[in-house]
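Look at the two complexes coming up: chain A is in both, with chain B in one and chain C in the other.
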Partner chain A sequence: MVAFTNHSGGIFKTNTGNINFFSHTPVEDITADNHKVKTAFDGTSGKLQFSALIKDFEFPKALMQEHFNENYMESTKFPKATFSGLIENIDAIKTGENGTYTSNVTGKLTIKDVTKEVSAQGTFTVKNGVVNAKTTFVINPEDYNIEIPKTVAGKISKEIKITVDADYRHAH
Partner chain B sequence: MKKPISLLIVLITLGVILYGYRAYNKPHTDVASTEAEETISASAIFQAFDIDDSTAMVKYSDKVISVNGLLLSRDVNNKNEPQIILEGNGYDGFIRCGFKPEYLARLMALQDSTTINLKGICMGMNGSDELDLLADKDVVLSNCTLIE
Partner chain C sequence: MLKSPLILLATFAMSIASGQTMDLLDDEESTPTIEYTFATFKTNRVVNGHSIETVAKREFDFKIAHRFGFLNGGPYDLFGLDRATMRIGGDYGITDNLNVGIGRSTEDKTYDGFVKYKFIKQSTGAKKMPVTATWVSHIGVSTIKWTQDRENEFSHRVHYTHQLLVARKFTEGLSVQLSPTLVHKNLVDSASSSNDILTLGVGVRQKLTTRTTLNLEYYYVLPDQLESDKTNALSVGFDIETGGHVFQLFFTNSSGPFEKAFITDTKAKWLDGDVRFGFNIARTFNF
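Coming up: the complex of A and B.
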């Protein structure tokens, strides 16, 4: 008897994925979290997609959150960041069997209507039908038309670390 | 004359520092103690975003709004932010409402298919017609509190 249905293939989805971003400078560390990231992947083709609301990134300090949304991200005008890409070796990831797998993920990241190719290695851990995916990659705000005023340039890194952590379940 | 001027400069400097300190450390909006700027049904706010996302963002985003609608389900998989889902447009559009973790027990006690009244900060509509796996839409509220 199997403990859970073998769902290799099919769509895996969550609306509660986590994305954290982290900026480190000698002056200040800045971090923010979004816990309502919508993301899904196709267990057969490897297609992987994300959609995150910019305003839903919560900062420890309200003032930082205001500046992030109003001055840098213009989040009322550009409300979402999206990613559309591919898990390269999806065939090796047995979503119906417990185990840990790694794969490169490549695709297009869109922030403020600017789309750039990104690539990162992801770790996929299957446990009792839930597929946890974790990855970390770095982006440069200037690549996405995010202008940092000179007066605060020393406080915001040119290398923003993005960490993704999402638990996918088979979508019925 | 020198002393009063020096004192004035010191007082102004202290005032600026105090203002800056308070602005830097100002707290996040306390939704529970903030009066909602608008009361709207779940289906009406979903429709507003579905028809014209840009106009709805200007009208509702960043504001504390009160929403009432039918509870479809709870999504408590993310311990950082337990969530409930209200019906926005049948089984195609939803209002996703995020709460602080301490709300978990109260959310678990809610009955499906009952009308829920809550307040939260509107973040916008998630989902995208350009992403075929994420075409279902959620109007998202954060830092929600239940209105008894």
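Coming up: the complex of A and C.
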């Protein structure tokens, strides 16, 4: 018996999406997680949107979190990072049937008021009414005006790996 | 800041446009949260004295404070560089708001310890609080050998300082702190000094870039409490933050780097050129 009904099409949402970013250098690995990402997609048109508050990125070290907000991201001035784009092959994502589907995702990523095109391969797993979406892609912080001072340049990679993992449910 | 009508129009147009692109998320009513102000000061000291900032839980902020001699010592003393007084110590976070610290200064070979508690936090959003307030209680014990021939008790070596620090981050760049302070000396330098000395400290910090600030600190001693040759400590400095370190570089007329010394033992005058160069280095370690 199926406990949850799968819906085809319609709006899918969550306020507890997860985004992790990871920087690796021989000197230091830096990572932080945001578990309060707001995101939604339209199962018919493929429209996909994300909004993440910079202050919701959690670091193991409090001082690192303060520096991230105060010095690198200036989060009082730029409180959010957003993404607005398209699941290109939305017809392949059968949100009404259990299964795993893939599609390319493209769109505009805005960090510190700088907008750049990004694209990535997304994996969508439908199970009993929940659509899990996962993707990873790489960005260069300097593309978004995130200044890395020379004194710490060896500690912060120019290739930051972003991992997205969100469980969407049908919005009513 | 005055904005031209054109910029206002463009901002308005852009906000409408971005509203349309995030339309799937717009109907969400987010529950209002409390936004706590952070980084009012770059570190837990303004220059000499405490700022309202506390060290986070399980972080240890290791500190070295160095004061040279007076600049008007001239080239023979390399403008004061030949003389130095120092404090080495650290602040530890028991919780994000409760800190303890210890230190030892070369001045009178003084050991000091303190407890610091941040009990009010500046915030906006769901709960509005205009200031951050932190209490500091400090005890110092000088361990230098007695030179005066008199009845010397251990208690004569001890002094206490209590401070109620209140600060507000007015803008991203400007923070101001008021530090009403009580210094209690068990033993005073002369009969004209009182044992309980009330003072008011003022600290100002103005950010220059994301990682550098200009700091000003003044401790005003209320009249008729200290000897007539004592002066108020005024310090002007520059903070540089790099990774886990904060460097504070400053000029000051104050004596040593602990509360009783810089608040009640300062005799130097800026206008006479009795100014010294000093620096503090703070580095945070995590446990």
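The rule is simple: the second predicted complex is superposed on the first by the 166 of 172 C-alpha atoms of A that agree within 3 Å, B and C clash if a C-alpha of one lies under 4 Å from a C-alpha of the other, contacts with A are read in each partner's own complex, and residues count from 1 in each chain.
Please note the rule applied: a residue touches a chain if its C-beta (ideal position, glycine included) is under 8 Å from a C-beta of that chain, and two chains touch if they have at least 3 such contacts.
Note that this is a predicted model, so its numbers are computed, not measured.
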item	value
Room on chain A for both chain B and chain C (clash or fit)	clash
Which superposed partner A:T16 touches (first chain B, second chain C, both, neither)	first
Contacts of A:K134 with chain B and chain C, given as first, second, both or neither	neither
Chain B versus chain C as contact partner of A:K94, first or second or both or neither	neither
A:H24 touches, of chain B and chain C: first, second, both or neither?	neither
Which superposed partner A:S84 touches (first chain B, second chain C, both, neither)	both
First (chain B), second (chain C), both or neither touched by A:D42	both
Which of chain B and chain C A:E58 touches, first, second, both or neither	first
Touched partner set for A:K155, first chain B, second chain C, both or neither	second
Common interface positions of chain A, toward chain B and toward chain C	11, 13, 15, 38-42, 47, 49, 51, 55, 61-63, 69, 76-77, 82, 84
Footprint of chain C on chain A - complex, ascending	11, 13, 15, 38-42, 47, 49, 51, 55, 61-63, 66-67, 69-71, 74, 76-77, 82, 84, 108, 147, 149, 151-152, 155
Chain C - residues contacting chain A, complex	18, 21-25, 28, 30, 35, 38-39, 56-57, 59, 96, 172, 210-211, 241-244, 284, 286
Footprint of chain B on chain A - complex, ascending	11, 13-18, 33, 35-36, 38-42, 47, 49-53, 55-56, 58, 61-63, 65, 69, 75-77, 79-80, 82, 84, 167, 169
Sites on chain B touched by chain A in the complex	23-29, 53-54, 57-58, 61-62, 75, 77-78, 80-81, 83, 96, 98, 123-128, 130-134, 138, 140, 142
